[in-house]
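Next, two complexes with chain A in common: one pairs it with chain B, the other with chain C.
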Partner chain A sequence: MAVAGIDIGHRSIKLVIVENGKILSKKVLNSSEETNTLAKKILDQTLGEIGLAPSHLEFITSTGGMGKNISFTNLYRTVAYCLAKGVHGLFPKARTIIDMGGETCNVVKLNERGEIEDTQSNDKCAAGTGIFFETMAKLLGTSLEDMGRWALKGDVQFEISSMCVMFAEQEVISHCHENPDISAEALSAGIHLSIAERVAGLAKRLGITEEVVVTGGVAKNPGFVKFLGERINALPKVPEDPQIVAAYGAALIAEERKKNLQRDRKAG
Partner chain B sequence: MKPKIKDIEINLEDFNAMIASLESILAHRKKRPTTKSAELFYEHQINYYKDIRDAKKNGKLFVLHSAFAPVEILYAFDVIPAHASFLVGAIAQLTKKQGEYMDASSRFGYPWEVCQGHRPVVGGALLKKAPKPDLCISVQIGCTNAASSTMGLARAYNIPIYYLDMSYGGKREVDFAYYIENLTELIKFLEGFTGKKFDWNRLREIIDIERQIAEINLEIMEMRKVVPSPVRHRGFTQQYSVDMFTPGIPEALNFFKCVRDEIKENVEKRQGPIDTPERYRILSILMPPNFSHKLLDWMEEEHGIFSVGEPHMAYWPPNIKLDPDHPLESLANKYYNRPMVAQLICPAQACLIPDTIQLAKDYKADGAIFYANVTCHTSPVLIRSVKDTLLETAGIPTLVLDMDVADPNYTSQEEMQERIETFMEIMESYKDKRRREGKIS
Partner chain C sequence: MYFAGIDLGSRKSKIVIFEDDKLIEEYVGETGLGAARTAEMIMDHALSDTGLKLKDFTSIVATGYGRVVVPFAHYNISDILAHAKGAHWVFPKARTVLDLGGQDCKAINVDDKGRLTGFVMNDKCASGNGRFLETMADLLEIPIEETGSLSLSANKPITFSTICAVFAKSEALAMLRKGVPKENILLGIHQIIAIQCEKMLEMISLEEDLVMSGGISKNIGVVKMVEKRLGINPKIHSDPQIIGAIGAAVVAREKYLRNKK
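Take a look at the complex of A and B:
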């Protein structure tokens, strides 16, 4: 019997189906307002793709900002807890998680057993989140992927002092006016460095302990990860699929619960 | 053209709606009883506001004051006291007009950065939502927002303001002497203002009632060490309100006697105040959001998180000496030692931090929640030292809950719940660690 973890964020739904510790399927889709319906649809579709009936799922754990609103799951756990489980499963030596999703940024400090020691989050402004990078990519007229690659090549010529996305946009435009010859690479590097500075500040409030693992959609941006590493003086690790880590953690929790249920049944 | 502030007429519609709202809560309580003390609390609140509303009709002077004013002296003068932010905040909160009052306050020049606990005071005063006071007393202490809001209030009502100074330094003889001198000056001023001779015997009676309340509080604190916690989470906010805003009156004494007896009953039966079993014992540091006391109920009912100590609020340090034969010395002793004041007038290392550590140990706390009011100008500086010391000395984690004490738009109840749920995981891992180390069973 399989289990599933669903992470329902503000901007995307992440699903992981696991059986005996092995990932059978994983999926990331942009979410709409109807999260409950969409999540169910994605789950059924994915099960169909791997040839499983819904009844084959023994336990489902949900997480994420919108994860509480899901009617068909068995359990809800917080994002920090699921991240801790997921990261500890993938990187047992990890002590610091920096998770940057669409609209939030969380830092989680772990102990050697993978338990949470402390957390810090920024859910009040766009700095350090996916939406900030999306806005900046739009401003530069490019894709997120290209902007990240440009950042790796550019020389930092400025830093953005405003972390409010609205003011930051204006500040970037001002830099372009002041220096019309500035390259897209340099602009991109400046943007990435400024955000890395901000996120590093958040992480330093808990203290940086290696290994550091970066998760969430923003972790797919190599430019950002490089600047962040410089700012926190560490070499961050990035999972193969950084967006699904919380969902994977949720699935691991579901596996634990499944085993407990089976044990209880045996005990009568 | 907008009317000038002085031309706006007093409008008690909201004030009366607030009393009606409290009466309906009380009626609900009586219909579906929880505890006798909860009923007494609401009766006490209703009487407090009615006395304010009817002060003029009853030929009494009405004095609005900032936090930590020596209300006992006002009672001894037989004037009606009202805590400015508590009063106007309650009108705004219970009539759901927080936004309207805040906007009025902004128009007067009090921006968002001014503590939201105090901003409605100015807005409410500008809109003339409370009866006109005869005088305002502002205590000069570290809380600059309180001082600033009472100043705005006095200007809005065009009434005199009296500044009572408290020295910064600690609980030294020199501070007590300075405060006693200032209290003597205040009494002289009030004699002139009211045209009455000060009634020292009345003050002695008030101090004697306070002495009894203090003794009851020490009994309560002792009983709260018991596992499971015999007290409801929101109980401490009620106790704090009664104790700080109406000290030394017989109704306050009755309320505390009732609270003590209820706790005693639970202790004797070894039972908690509700059916949910206790899972976590926490310290509550500073004030929980006043827009959502339901958050406290949720913590208890859903997750078995009980507040066992409040180092800033309900806590009575055992060293406070209240002696009716030395009333001004007693007031100095009380106001310089109560933690809510002490944290503003002496270094945290000398009062708040040792008190918090002691409470964490004595009450077997699993964690602490630091209610970090984002617009408070004084308490955030304590966060790091309180958090680190609790972890290093008592081995317990602290959740710093960023929120606005009065405005749900900053952090909603749902967001706070999410953070508290994560904090439960943290408390659990620290509990496991203490178990492994053999520190708890």
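Take a look at the complex of A and C:
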């Protein structure tokens, strides 16, 4: 019998189906609207693709900013809780998780057993979340991937002093007006440094303990991971698929629950 | 005797001229690239309006973001002091000033002599200031001047789940796609601005008269919202954008009178 973890974020839905600790399928779909129906559709579709009958799915855990009040799931767990499970499963030595999603940033501190010791999160302000990158890539007229690649090649020639994304946008424009010769690489590097700085600030409130694991969609950007590593004096690890870690953790929680239910049934 | 106050803001630059204690000229222009050039442009405008020459001024005081680079200013003062002085000159009973500018907002307390007794300022976050309203007006494709009156026709207020300008923008976009009427979205935006005002006012002491200044104070929707939430009827000058410049001119005259003694 299989279980599923579904992470419904502000920008995307992530789904992981697990059977006996093994990932059968994983999906990431960008969306911002009608999460309930869309999540159900993705689940049914994915089950169809791997030839699994819906009745074969024994337990579903949901998580994520929009993951509450989902009609077809059995349990909701916070992102921090699911991240802890997922990261501990992938990196047993992990002590600090930095998760950067589209509109949130979570920092989770773990003990050696993978239990949560402390958390910090930001979902109130766009500074230091994925939307900062999106705004800047749009401003530079390029893709997130290219901006990340440029940042790796560029020297930092300026720093954004504004905290707010909206002001930072203005600041980059003014900087380009005053320095028309600045390269796209240098601009990207400056932008990446600023965002890394915000995130590092949040993480440092908890204190950085290695290993550090970076998750969430933004972790796919090697430029960000490099700058973040420099700011927190650590070499962060990035999972193969950083975006699905919370969904994977949710699936692991579902497996635990499934086992407990089976045990109770036997005992009963 | 002539005195000038010049307020170089992030979006608009303002100048006023006093003949002794009488306001004889006011002008609001766009802040262009280069604060010094903007200052010269608005000064030229005021000079040609009044037929005065630069040497006719006894004293010129600058304020605002660009205050340090105004080539012809004798002094410069902080925006906070300028707004305290300006609000007191226009409304002598003013005790609280709420200035909602292009890129910052502030709440200021003044005493019965127009002296500054306390202030808070938000220049870190775009939420609640002019840049925010401008972005939203752009998104809704409504001229910024019309946002206020349009919001008054809203029938169902929308409450945003965020106060962040950037998040609110994506939330507003999602609402537009769902077919929510623009005026209802605007009402929600005005609510965010009013909430930001309340947050600042909580940090100082809210005493009447409350004066509202800055470009956003020209938005009747925001003013009504603040009025409703605070239960206070705010006092607003016919051009709320020139309060800072008035304050600068008042200080110019005060300095002259003090030095004369």
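Throughout what follows, the second predicted complex is superposed on the first by the 267 of 268 C-alpha atoms of A that agree within 3 Å, B and C clash if a C-alpha of one lies under 4 Å from a C-alpha of the other, contacts with A are read in each partner's own complex, and residues count from 1 in each chain.
Note that contacts are C-beta pairs under 8 Å (C-beta built on N, C-alpha and C of every residue); 3 or more make two chains touch, one makes a residue touch a chain.
The model shown is predicted, which means the values in this text are computed figures rather than measured ones.
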Combined model on chain A: chain C and chain B, fit or clash: clash
Which superposed partner A:119 touches (first chain B, second chain C, both, neither): first
Which of chain B and chain C A:16 touches, first, second, both or neither: neither
Partner chain(s) touched by A:160 [first = chain B, second = chain C, both, neither]: neither
First, second, both or neither for A:111, with chain B first and chain C second: first
First, second, both or neither for A:4, with chain B first and chain C second: neither
Partner chain in contact with A:213 - chain B first, chain C second, else both or neither: neither
Partner chain(s) touched by A:80 [first = chain B, second = chain C, both, neither]: first
Chain B region in steric overlap with chain C, selected from 55-63, 109-117, 397-405 or 433-441: 109-117
Doubly contacted residues of chain A, that is, touched by chain B and again by chain C: 124
Complex contact set, residues of chain B against chain A: 397, 402, 410, 415, 418-419, 421-423, 425-426, 428-430, 432-433
Residue ranges of chain C touching chain A (in the complex, touch as defined): 33, 103, 124-127, 131-132, 135, 162-167, 170, 174, 177-178
Touch list for chain A against partner chain C, complex: 32-33, 103, 124-126, 131, 135, 162-167, 170, 177
Residue ranges of chain A in contact with chain B within the complex: 65, 78-81, 84, 111, 113, 115-119, 121, 123-124
